[in-house]
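The structure appears below as structure tokens.
Order of writing sets the chain letters: A, B, C and D. Residues in each chain are counted from 1.
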Amino acid sequence: MKAIVVRPPQEGVEVRDVNLEEPNNGKILIRTKLSGMCGTDRGIVSGKLTFSRPPDGYDYLVLGHETLGEVVEGNEHFKPKDLVVPVVRRGCGTCLNCKMGRQDFCETGNFTEIGIRGAHGTMREEFLEDPRYLVRIPSVLRDVGVLLEPLSNVVKALNEMEAVQRRTWWSCDDSTYSCRTAVVLGSGPIGLLFSMALRNLGFEVIVANKRPPSPVEMEVVNGINASFVNTSEHKELKPDLLVDTSGHPSAFIPILPKVKKNGAVILFGTTGQENYGLTAEDVTTLVENNIIIFGSVNASKLDFEMGANLLVTLLGKYGELVNKLITKRVGVEEAPEVLRRKVPGEIKTVIEWK
Amino acid sequence: MKAIVVRPPQEGVEVRDVNLEEPNNGKILIRTKLSGMCGTDRGIVSGKLTFSRPPDGYDYLVLGHETLGEVVEGNEHFKPKDLVVPVVRRGCGTCLNCKMGRQDFCETGNFTEIGIRGAHGTMREEFLEDPRYLVRIPSVLRDVGVLLEPLSNVVKALNEMEAVQRRTWWSCDDSTYSCRTAVVLGSGPIGLLFSMALRNLGFEVIVANKRPPSPVEMEVVNGINASFVNTSEHKELKPDLLVDTSGHPSAFIPILPKVKKNGAVILFGTTGQENYGLTAEDVTTLVENNIIIFGSVNASKLDFEMGANLLVTLLGKYGELVNKLITKRVGVEEAPEVLRRKVPGEIKTVIEWK
Amino acid sequence: MKAIVVRPPQEGVEVRDVNLEEPNNGKILIRTKLSGMCGTDRGIVSGKLTFSRPPDGYDYLVLGHETLGEVVEGNEHFKPKDLVVPVVRRGCGTCLNCKMGRQDFCETGNFTEIGIRGAHGTMREEFLEDPRYLVRIPSVLRDVGVLLEPLSNVVKALNEMEAVQRRTWWSCDDSTYSCRTAVVLGSGPIGLLFSMALRNLGFEVIVANKRPPSPVEMEVVNGINASFVNTSEHKELKPDLLVDTSGHPSAFIPILPKVKKNGAVILFGTTGQENYGLTAEDVTTLVENNIIIFGSVNASKLDFEMGANLLVTLLGKYGELVNKLITKRVGVEEAPEVLRRKVPGEIKTVIEWK
Amino acid sequence: MKAIVVRPPQEGVEVRDVNLEEPNNGKILIRTKLSGMCGTDRGIVSGKLTFSRPPDGYDYLVLGHETLGEVVEGNEHFKPKDLVVPVVRRGCGTCLNCKMGRQDFCETGNFTEIGIRGAHGTMREEFLEDPRYLVRIPSVLRDVGVLLEPLSNVVKALNEMEAVQRRTWWSCDDSTYSCRTAVVLGSGPIGLLFSMALRNLGFEVIVANKRPPSPVEMEVVNGINASFVNTSEHKELKPDLLVDTSGHPSAFIPILPKVKKNGAVILFGTTGQENYGLTAEDVTTLVENNIIIFGSVNASKLDFEMGANLLVTLLGKYGELVNKLITKRVGVEEAPEVLRRKVPGEIKTVIEWK
């Protein structure tokens, strides 16, 4: 069958025929419907993500970890035509967190990730999957379920935010988050999904970027009753919650001393390339203000399940706006080109499999 | 009565007679037995702590927030001769955290702190105190109870550490912390109290400083079965928990990327004066490893009460070692001199009131 | 305007014209669209709910606490045509939980509840409401938003269940609840909403009643992939989570010793009238199995907001099934009759206001 | 060597010579110093505890699970003369809680417990123990460390109480528990240890029994500033926290409706033999008041470690009072008699091994 194939750590990507001969012991056969592309995919294609590697015994890797699939042959729990999304990371099997199904907190680092490290991804016509790693999603998500994988990472980060903020009482005096302002740095797919999820939790949301918004970004931001700030013009951000999706220390370090008392900072971005100084005065402010900062990566199966619920909520609340996050749909043959070069105005580009 | 007086933001300190004429509505009269000195006191004396200020209506401030007192005239709950320690911060009265008695998480900043900002401290022969702010401690703490105030801040930070780490399972597979290593940067009183408290929780502990240990430091470190690392010679620290008591970005930032997966970093120090760069690669590591970093300041009354229990435990376990943290006892007349200049080899210097 | 009026503790209910002359300081004018009826309303009408009372200065009480309204005159946050649902309980203003917006945990008991105790309800054509007590809901909930109030109580109970079960690791080894079975005693509106919410969290769900299901009940139970057990025929229930919506000790006490280790029991029902024995052997089983049992009442504003999100999710997943919970819609004039006597086959009866 | 031996489920107990021939792979050789006796031991001796059983391959069981031992031959972590206490329960090895070292929450029931079910206890001159199950305690606990095992169960229950009460804000408005009253039903060793631990957390404590206190009980209750209530004379108990150590439904069920709003009930006792009715009105009160009730059994290794710290605190605060909980010390030859029949006025009877 056709698959989109890379050879990390070498640069490059191609469509080719593969025959994976996977063992089918209790697995579910799934037809790929949509595949999302993200910065990680492009990092692998460019040869820059040095941790990417083929599965043992292979000299190539099938790309793809953002997936919407349809069951072809199921079992008692999965029926043909069920829509499914596979989780990305598979645990090491030895550390406690992996034994608990929290491979997103794997302590050994000996996990695999489909389409990224040590396991084939889903940018192929069909794949077999262990039901343990499959999340069924409702049919109403047929068009946008491919967004579940990135959204699951947002859900994990926000669940963790709520968990760590239980260190004190951080809700408002009406029990909600209505008095809290979140600033989201970056207006890519992750930034916009964070913004939607935070609006849904009741936060005021400011999306910030160092450039003006694109028309689609503006439409989404307005549609969810958030606001957009161009940080090259406006600097006075005083968030209760700061979410960095950029990975650039220069984007978030200057805002750290302005985060309000007891506030939180989520570090999510990993793509930056620079160095920015933290002063002792900044440190004093972090201490005096009880600021908490945490990096968040990956998601558990529960985060996928709750993410699917959230996606249904967003679709019910915002309708077409959710679909607009998918700015382009390409065929398989066009995929290598858009994997090499971001589409102008892109939020999320997806591959349609026939 | 005699008191140790400062005039922030001016430099200087003196012993003088004061007559405070405080209203005694239900307050407890307390005789000061011991006063501890810390970096904050010296910062005020040097004129560098710009947030320090006298109470409204005064042009001077009685210094002192580390206290061991003895009740002179009590009430139904406090009897004469009871040993007591006052909490330092008094809430703003308006934010939710202050209403909950968690003024250490005050959101408005409109709190006062005795001996520091807006309220007279306890470096005086006697003081009146609202019982709400008083913690009674057992008589076995007669000699070392003056350490409770700094210890309470350690207790708050470690309680918060345990709270935030509930985001996942971070204990070892025998339910304890026996598999976790804490690195404590700094071997001053706070560093050693953190080390003792962490040993008591079951952590392996490494005390790190950029110089060799003093004999007393070495005795304490050995006595609690911890180890000492001179970071000017040895750099390879891979902690699960990193506690910075230095406030120097250059001390802790280089260790951040080496903190183990799911690890935590407590920022406690506020005295540094420098700038150190955080790279985008560091940020990626924080994200990929789910690292959490938080600043911690002050303590609740509960932290004082649990700190008193902890101090009794430490005394029972380590005996004389706890007393050795008090490296010098001076009379009131000598106090200004040691408040201006740290005593060589000092861990904690205290003032004995007659 | 027309209102449905009771005179607790007297029996009886009538439609009459009222003129409440409420002060409008910053309040929102709302037109009532739908009012739900529940056991509490019928308890008041029957004169059996002895805690029900009119507001101060009134000798009657406008009934109604399950509401869907539409804004007539709003403010900067609420626009005309916005759909809104008011929360029911309003805090005492003095206890900490009420100050935190958690009036559902009020410690003094000095709260009021609209349509129940000390405050007029919403079974009237229009009402003025403080925005602090109003939850805006998305327009997609136009037909079923009247279910939000009962659902909010379910959300509170399940949030609390998740909170208390953090005492240990209770999720399955894939991080979800897929290995957990919930038994819900009672198939009324609360029982079915619990069942839907629990399916949505990933639990296996068994709805139990001591009679066969009605056709609508069966349709809902099948539609959410739950199962129904007639407990008069089948007794062997071994839940991980037991939810009692009946209030009958004879319904849940016999199941207590069968709840699985580390399991939880939610007591939600308050309408029973009997006595059932707990044996010392039962107590031993509760101890040996670490069973947790808790009563849950009311909901916070956050529970309403999250309940609105959940209702959108349920509507997206189950579509028409949610509407089927509303088994009858009556006009205002018919309301007194159905408030006196339950409609056969009723799940939820609602009043349509013109 | 000499051991105290039972043959469950048969009645009876004897001192005899045993030769266990245990494999010594990495185990620590320990000399037993003191063994505590409790209701479980007497239940086994009387033949009433039907779950008690010898280890596989044996027709007898060495009794004993409350232990203070001294290391004879150690390893790098345990030195000769170190005082140690073994944990009681050893996990099933298969469920998640056991993998996490939380065998006190074992889900399969396939655990063993030394001296109780499936594993020899420590009422013998010496035993070999896997270091994983050993807790070292400070030398200051030489006389009272035998109380650690019962105390560890108290620590587990109170930790769990604090965990589940995080469902809302239950501390007082000064952050402590000073406004909370705990009623402890039963004044045996467990009742008094709960009382001491709760005083140490800052609760007001009322010890209740249906008879007048013994002189030692009165001394302990007075010494910790608690009070004693004879429930046969005085019934009006309104606790925030109710701890039942009796196992009698008739002791705690009548108090359930009087537990204050948001209060908690710990069920710890397992020895009662009766039946007492719970009314629907009681259930309504539990619901309306958000009452939480949980059974608590056993303890994790962390609970033992924190229990050792607590015991040092209690010894430092209360001195001789802790020792007074040990009301009698007997030699090995006398042990069978006191295992058959409780000593009048007994709180805790211990066996001294030479």
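Throughout what follows, a residue touches a chain if its C-beta (ideal position, glycine included) is under 8 Å from a C-beta of that chain, and two chains touch if they have at least 3 such contacts.
Being a predicted model, the structure only gives us computed values, none of them experimental.
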| item | value |
| --- | --- |
| More contacts between chains, A-B or B-D | A-B |
| Maximum centroid distance from chain B, chain identifier (CA atoms) | C |
| Chain A and chain D, separation of their C-alpha mean positions in angstrom | 48 |
| For chain A paired with chain B, centre-to-centre distance based on mean C-alpha positions, whole Å | 41 |
| Chain centre separation (chain B, chain D; CA means) in Å | 35 |
| Junction residues of chain A - those touching two or more other chains | 96, 99-100, 102, 166, 169, 173 |
| List of chain A residues in touch with chain B within their complex | 96-97, 100, 102, 104-107, 109, 160, 163-164, 166-169, 173, 244, 247-249, 253, 260-262, 267-280, 282-297 |
| Complex contacts: residues of chain B adjacent to chain D | 99-102, 132, 138, 140, 169, 171-177, 200, 202, 300-303, 305, 309-310, 312-313, 315-317 |
| Chain D contact footprint on chain A (complex, rising order) | 96, 99-100, 166, 169 |
